[in-house]
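Labels A, B and C are assigned to the chains in the order they are written; within every chain, residues are numbered from 1.
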Amino acid sequence: MTTDHSLAAEGLHLSYGDADIISGLSLALPSGDITGIVGANACGKSTLLKSMSRLLTPRAGQVVLDGRQVHAMPAKQLARILGLLPQTPIAPEGITVADLVGRGRHPHQGAFSRWSAADDLAVAEALDTTGTAELADRPVDELSGGQRQRVWIAMALAQQTDILLLDEPTTFLDVNHQVEVLDLLTELNQRSGVTIVMVLHDLNLAARYCDRLVMLSGGTIHAQGTPAEVLTEDNVHHVFGLENRIIEDPVSGQPLMLPIGRHRTLG
Amino acid sequence: MSITPLTPTAEAVVSLRRARSRHWTSIVVILSVLIVATFLASLMVGQTFYSFDTVVRVIAGEQVPGASFTVGRLRLPRAVMALAVGLSFGLGGVTFQTMLRNPLASPDIIGISSGASAAAVFAIITLGLGTTGVSIFAIVAGLAVALLIYLLAYKNGAAGIRLILVGIGISSMLTALINWELTRASQWDLQEALRWLAGSLNGANWESVIPVLIALVILAPLLLGQSKNLSITQLGDDTAEALGVRVSRTRLLVIVTAVGLIAFATAAAGPVAFVAFLSGPIAARLIGPGSSLLIPAGLVGALLVLVADLIGQFALGTRYPVGVITGVLGAPYLIYLIIRINRSGGSL
Amino acid sequence: MTATSTAVSTAARLRRSTRVRFLWMLTALALVVVLMIASTMIGSRNVGLEDVWAAYGGSATGFDQAAVAKRIPRTLLAVCVGAALGVSGAVMQGVTRNPLADPGILGVNTGASLAVVIGIAFFGLSSAEGYIWFAIAGAAVTAVFVYAIGSLGRQGATPLKLALAGAATAAALSSFISAVVLPRGDISDLARDWQIGGVGGVTMDSVLLIVPFLIGGFFVSVWCGPGLNALALGDELAAGLGQHVGLTRALSAAGAVVLCGAATAVAGPIGFLGLVIPHACRLLIGLDHRWLLPFSAVTGAGLLTASDILGRIVARPAELDVGILTALIGAPFFIAIVRRQKVRSL
């Protein structure tokens, strides 16, 4: 369904004002995979994601999509290949679900061109995929947190990109909705082959749902590979400064991290 | 693919969209009809009443004794001015409100208009200039102050919130300057300046209307061309960028066009209170969320100014400038609006 | 290091910072005295020190001593009004936990203006004695109103919401002011003069008129100082510390409104002083309101006196009204604060 793309960061330096956030980072993202970016707070996870989607211009280095520099591509052309769902998108007051999802069609439309049948179909498909079709005429501000997040994902789906970047898609959600969203993204990846890159906070959910993990520390990559390669006791201790034990997740067979504090441990 | 029957969801999507666009069209038609009616009324009513026939004949270019002068030279420019100024304020105002995602962030509150006002008062009082000079001063200063606010708010990109607050700061400073100018004014100039500051269509003639019309014809299409990008920026800067909108470029383009509209209108009629502010929210109320507000807001602005000028001229004992009427009528709605907006924490 | 010795050294550090604050306070007081003397010397006619001393002693012989005698009331007024506005701004920023709170930004000045203009137009007021109650009432109503609408909604009174509520209310009130003034050519001069804000041309009577209000407002505010310290931690935590949140807020706000209303009644709306002073003071002596409020009073008095002197120098032989000058100094400061804040916290 989707075409293969190569997305890579090469020698990336990113900074806000004078503060360097990412220094000399290189990363290749395999097509068709779900990649999770993990790391401690303020280690540059979101910054990296923003830069991959052209939102931040790197101080040095480049982001390359299919051999072309992302920051030199026309904005709408890029937006037809690569979508981004930021952490806190804003829904205009009173906007309905169908209408919000329809805004995802923007990169496929000209300034004065009329709404086409293909646009309608893409919106309907996105609503169906995310299970939000019955909410179509409801105002977004009346929805629950989990529903709202599915609507935003629907908007990103209506954009019909082969690569989807998500910044902490599970924050502020109850655990059942977290799993629901991650399941939805997995289905999307398996059914349509969409490449998914997401920043995740919860290490254990990341290990369970991602094909690959990238662990950041102090603006550089500390480890990358399969969850089993990345989520090790040494790595967690190094990046988070936390004593821990890794066991096998009896549900998924992936690694499961158990924190060890100063109190309340056996022996 | 074109032959595949629509899924139920797709049918629902299509019918929702059609219903919305029908609603939009009907509101725009109703507003246009009301505007034409008020426009004609303002040509007919006055010290001498002229019939509908007479007015139409004058507009058609026929020479009617008495009416040709009163309607053609006095009332028509005034009504056209009201229309053009209202459209400009409505369009410019709703643009700022949409772009900054805040209905309170209209040009008259965040200092865009006060640049033009300060310059005009300076031109009237200190330089003693006539209408044309005042206009040029007001336009140049309006643009310059808007640019200054933009530059001062710029820091890793111009955040909307910073733009609003910097605008409020600049606006208070300019108010102080205006007050200072007023202290130095003679009694005559003071009345003139106060009248201008309140926003007035007195003395509107073809010479003063033409520049506003030209600005409108050039800038309004530019603005409407950005309408889609503008509605996407409402989703937040990051989302908009991800959807392929160059947010900074859109913002700059839109600011320049909107400020241009506001500046020309302000130069001609003064800062007619709250028209820029109220048109957007009223249009949003009529249209509902999700549809483009630019055209409806422009129409609401035109209607507001036309009606307020009629009231100001004829409905009350003394003649009030149009800005006093819009101000006094608008103030309670403004306050109601702040309460509603803050309570829901939402946008337009 | 044991727990007790840590506590001892921390206590020593705290004492040291008290000494620093005391020094700043003395310096500021000395500066105000110097400025007051300068204020009586400088003007369209400069006067020597001997004449100043003589005039303060009550003598009024010769032009110079007469000039000084005329400048004494305005100097005293500048000191009083500056102190009142400084404290009022500090309290408003404390009560609202909002770095942009200021009588001008919150529209309180415009509320006072509208009330006074109504007084002039419909109740035939023409003197400060008449204005004062109108100004205080107008200021109070506006302050309560702006704060009430600014704090609606989930996040409470954020700087943005409060500033916009203030600006919008001010805009609404201004259009009422023009509706009152425009058809009355006879009062536009009087209303305008009052609206500019200035301390020139006052008599000793109007200074004495506001002194009781200022003393009252000042004591209420300072008495609320410890309460404001608790409020700074958030309502819930303040309540947890045993503070009566609603009462503290109402009392200190009342003090601030009386201060700014009385000051506005005699000197007209003077913007930005209440914004600038507390920020500068916090940099010098820290966040403790027990120090911040008196220090704001002293520096406020100093800044307004200095502005008044400056206004007499730059536009010589005419005068630049002090309200205009503070706005010109204060607005860039306001913008600097806005630029420094993180967007999220706005």
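One rule holds in what follows: a residue touches a chain if its C-beta (ideal position, glycine included) is under 8 Å from a C-beta of that chain, and two chains touch if they have at least 3 such contacts.
Small disclaimer: the values here were computed from a predicted structure and weren't measured.
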item: Subunit C and subunit B - chains in contact with each; value: none
item: Label of the chain whose CA centroid is most distant from the centroid of subunit A; value: C
item: Most central chain, Cα average position; value: B
item: Subunit B and subunit C: spacing of chain centres that average the CA atoms, whole Å; value: 36
item: Whole-Å separation of chain centres (CA-atom averages), subunit A against subunit C; value: 51
item: Inter-centroid spacing, subunit B versus subunit A (mean Cα positions, whole Å); value: 41
item: Multi-partner residues of subunit C (at least 2 other chains); value: none
item: Residue list for subunit A, restricted to those that touch at least two other chains; value: none
item: Multi-chain contact sites of subunit B, meaning residues that touch two or more partners; value: 344
item: Parts of subunit B lying in touch with subunit C, wherever the complex brings them together; value: 102, 104-105, 108-110, 152-153, 155, 159, 161-162, 164-166, 168-173, 175-177, 179-180, 182-183, 187, 190-191, 194-195, 197-198, 273-274, 277, 318, 320-321, 323-324, 326-328, 330-332, 334-335, 338-339, 342-345
item: For the subunit B and subunit A complex, residues of the former touching the latter; value: 2, 6-10, 12-14, 16-17, 20, 101, 156, 225-226, 228-229, 231-232, 234-236, 238-239, 241-246, 288-290, 344, 346-348
item: Of all residues in subunit A, those that touch subunit B in their complex; value: 16-17, 50, 53-55, 75-80, 82-86, 88-96, 98-100, 102-104, 106-107, 109, 111-112, 115, 117, 120-121, 123-125, 127-128, 133, 136-137, 139, 141, 159, 165
item: Subunit C residues touching subunit B - in the complex, by the definition given at the top; value: 100, 104-105, 149-155, 159-161, 163-165, 167-169, 171-176, 178-179, 181-183, 185, 188-189, 192-193, 195-197, 271-272, 320-321, 323-324, 327-328, 330-332, 334-335, 338-339, 343, 346
